[in-house]
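These are the structures, in structure tokens.
Look for subunit A in each of the two complexes below; its partner is subunit B in the first and subunit C in the second.
For the complex of A and B:
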């Protein structure tokens, strides 16, 4: 069991994250201190939550490029509501954010399920539509920190058992996913649909409906992150989280979620997100020229993917060994 | 051309000139043409123009603009202003080129045309008034930080992208005047890419790698807001002062919390005031728009035109606790 874990992709990735921490610590002492690691985890929380949603979608051989736009739209809606009606309790706003995110995700899901449009096309379209809607709603103007209520900004920052609520939310989502993906019929259906859609149909799984479920869950989490993001950075504007969908997909890919579907674990996605999170937080303090930072982030992604591709390659098996010898 | 005809022309010309002097009793009508109506920035500029009109006397300000920020809308407005035979049009253009033909038509009719804030191509205006210049901005951003560090200290710059031209120019201009601040040391320049999350992280990184940092200069509106939030979240208010260029509406929270002592950006009221002053002087031929010319602008002093007939109004205006309430609802 332990040996099997040591050989697994997660163990290798965990090793990579730890090695990264050691390298950063050697350049900037204090980075690997527990307090700072907690801060890095907190900073990566949103990426972790989104990466988990994306994992489900990628498991079913789809991709959701609209998560960052979904996040921006729900974030802007909650911020504008909060600015206009400061009396609305934060809990209601969070519920609204999740609800709206679910709707936006379900819209992606319906298009993929009922109209059978390729997911990359659907979400590329909704990526622009949702982002455009943010502009229409806000008229291009910002919602600024002084317009938001204190409670709105305080919730993810509130410290509970020495960790901010934002981190606890991420931990809760991780725990929920770990159970749901391995222990529920729907969770297993995601693997079945991605691993072999035809076989999944024969076992009685509705492929379209499963994909719809994946998009809806991804949307709901993006909606939740919409509130968390705007509240954390205390500003909402049209370009919030611009391009963040690529970080989310990168986290999944680094985490060993196969783009071909059907392969990957919750732990892998979390570690993939943490790997990116450590890089993002380490680069500013490691004293590396900003001109190199993008190249370094990119190289890390390619190395990770190349490594994954190598380790998942099926070893060749020569049949008719005797025939080869005579030839 | 015969001598008699020349004389005739001369006389009629004199008559026209006399006519205009008689007309001068009529108020000078200056159109302030905004990018769009309903924008607090331009309404503040119009208030500044009204202030100039009051000072000048016998001047009428027509504040107008399209309802949305399009060049087509502005062209319609320009045509109607030509029909009203205003004396001057001062435009903040939605498109530097599209409005040129309409503005040329206005100039042919003897209307003084200048652009301000957002410029028009040289063919379509007599001069352009920019709110500030690269040099003045560079000087201002370091002064903002230094003013709150009488003993000297360490500052860092949080820019937008490493390839952003205006940011790099401002930082280069800032470096040129660093000799005036021997006690101030710029310890790092980092790039937040105008993304809230990256800027936030870079600001956090600055505070970690330079624990004795005194100020962060962010000459970008996304960066300055994110840095102020990072300073507030890190509990460094009072230790690290965030300053740079930002908008009062976006920075009000940071000024209130103390994360930022002060920051700068153009003052729209001053800009409208200066625009009206210049338009008035040019319309009455009290000044000519030519390279090297200096035009008096009332309480704002004067502006000098460069080779492209452009002028910079002044150093950016500083906003702090004393005036943020007044401006945060404007822009």
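For the complex of A and C:
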């Protein structure tokens, strides 16, 4: 079992992340100190959560490019509500963010499921529609820190057992996904639909409905992140998280989630996100201009996808855990 | 693209078969009707719309994007996609701006712009055809890489001071209100229309998009065709970079940002199947006109750009959803 883990893609990626940490630490001591690593994790939390939602969508051979716009829209709605009615409890706002995100995700899902429109077209369209709606709602103005209530801003920063709530939420989502994807019928259905849609139909899985579920979950998580992002940075404006959907897809691709569907793990997506997170946080420490970041993450995507293609197994996708073990 | 494969059997449209051609024609007709409606709507909405110079200005909204969209249409019909086109435009423009300090003339600038486009296309093509990687992921990566290099070179700076005869490429008029870019757009529309619809190479593109395996067994060199298409898309991005840089007169790393989405929207709106295997250049031309007129007409009404993008997004989904919705309702009743 240990040997198998060492050969897996996740182990190689884990090695890459650790190597990156060692390199940065050897030149700038203190980067790998527990406190700083926790800060890096906290900074990457939102990317991890979104990458997990995206993982489900990509597993079913779809893609969701609307997550960042969904995040911006739900974030703006909660911020404006908070500014207008500071009395609304934060819990209600979070529930609202998740609810609205779910609806936006379900809209993508229903277009893919019922009208059979290619996911890339649907989410390319909703990417611009959701982002434009933020402008219509806010009229282009910002919701600034001083307009938000203290409770609204405090929630993700509150420290529980020496970690911020934001980190705990990410850990909870990771744990939930790890169990749900490997141990529930719906979780296995995502793999089945992406691995072989025809076979999935014959095993009694509704391909469209499963894709709908993936988009809805991705939307719900984007909604949650909408609140988390806006309250963490204490500002809401039209271009919040602009282009972040590509970071999310990049995290998945680096994490070994196959764009052809049916292959990939929760651990891979988390490591992919952490890889980008470590690079993002290491650049300023190493004194490299932040302008390098875009090119580096681009190169990382290309190297990761080239590497994954070489190491991908030729015989079909295996859905059952037990079968995988005997294979 | 492979990731959007659906379990339902795909109909194979063919230019020669009656039904496929009729669907395509009706799509272009639908699009044309929308274009006319928007045109009439615009004339009613603003008294300034029906002015030769205003209309001529409006063409700049789509000429550069459409030039890339022609090559992209061929690429998408073959079953691949290139999301890095805007990144190529940024890198190509940066290279031209960088060369400016050596006092080079317009011909050299154009050569540099086009060569960088070709090189970027070759890079994408090599990754997709030699290493067999999915184009959507490769080009998401190269999109960040190409634009990232522009950011490394430029940071928060800008290149400007392009020569006057270079600026003519983006701002000049050939005859009365007919701009050089509009002429270029028309010429490329004809060239790509002929390539796609009247040559063996064009037929190969359709065959590859419908069934790459069958294409291989019928003796089509699939990888070579795809490589050429990536080169063409890179080259056209270079052309767009030359025109855009000349028109703006400066280069920033954020130049042409998010254009890849607008270009793909233009292609899909033009009736090209995102799954590959079907589409026409005429459709892309009409889609370019529709998008150009929408943005210009709304601009005359002081509608901000981001609200226009809602309209474009809704148009993209609506135009594709409508026929499917009608079919769904019809089959539901039957």
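In this text, the second predicted complex is superposed on the first by the 308 of 327 C-alpha atoms of A that agree within 3 Å, B and C clash if a C-alpha of one lies under 4 Å from a C-alpha of the other, contacts with A are read in each partner's own complex, and residues count from 1 in each chain.
Keep this in mind: contacts are C-beta pairs under 8 Å (C-beta built on N, C-alpha and C of every residue); 3 or more make two chains touch, one makes a residue touch a chain.
Keep in mind it's a predicted model, so treat the numbers as computed, not measured.
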Just to be sure I read the superposition right, which of the two partners does A:63 touch: subunit B = first, subunit C = second, or both, or neither? second
Let me test your reading of the model: by the given contact rule, A:287 touches which partner, first (subunit B), second (subunit C), both or neither? first
After lining up the shared chain so the two structures overlap, which partner does A:144 touch, if you call subunit B first and subunit C second: first, second, both or neither? first
Among the partners subunit B and subunit C, which is in contact with a greater number of residues of subunit A? C
By the touch definition at the top of the document, which applies to A:117: first (subunit B), second (subunit C), both, or neither? second
With the two complexes superposed on chain A, say which partner A:183 touches: subunit B (first), subunit C (second), both, or neither. neither
What residues on subunit A does subunit C touch that subunit B touches too? 291
Note which residues of subunit B are touching subunit A in the complex, please. 162, 189-191, 194-198, 200-202, 204-206, 208-209, 222, 225-226, 229, 233, 249-254, 256, 328
Quick one: which bits of subunit A touch subunit B in the complex? Just the residue numbers, please. 28, 30, 36, 39, 43, 142, 144-146, 157, 229, 233-235, 237, 239-244, 280-281, 283-285, 287, 290-291
Looking at the complex, which residues from subunit C come into contact with subunit A? 1-8, 127, 131-134, 136-138, 140-149, 151-152, 154-156, 253, 261, 264-265, 268, 274-275, 304, 306-307, 309-310, 312-314, 316-317, 320-321, 324-325, 328
Taking the complex as given, what residues does subunit A use to touch subunit C? 58, 61-63, 111, 114-122, 124-129, 131-133, 135-136, 140, 197-198, 200-201, 207, 238, 246, 249-250, 253, 259-261, 289, 291-302, 305-306, 309
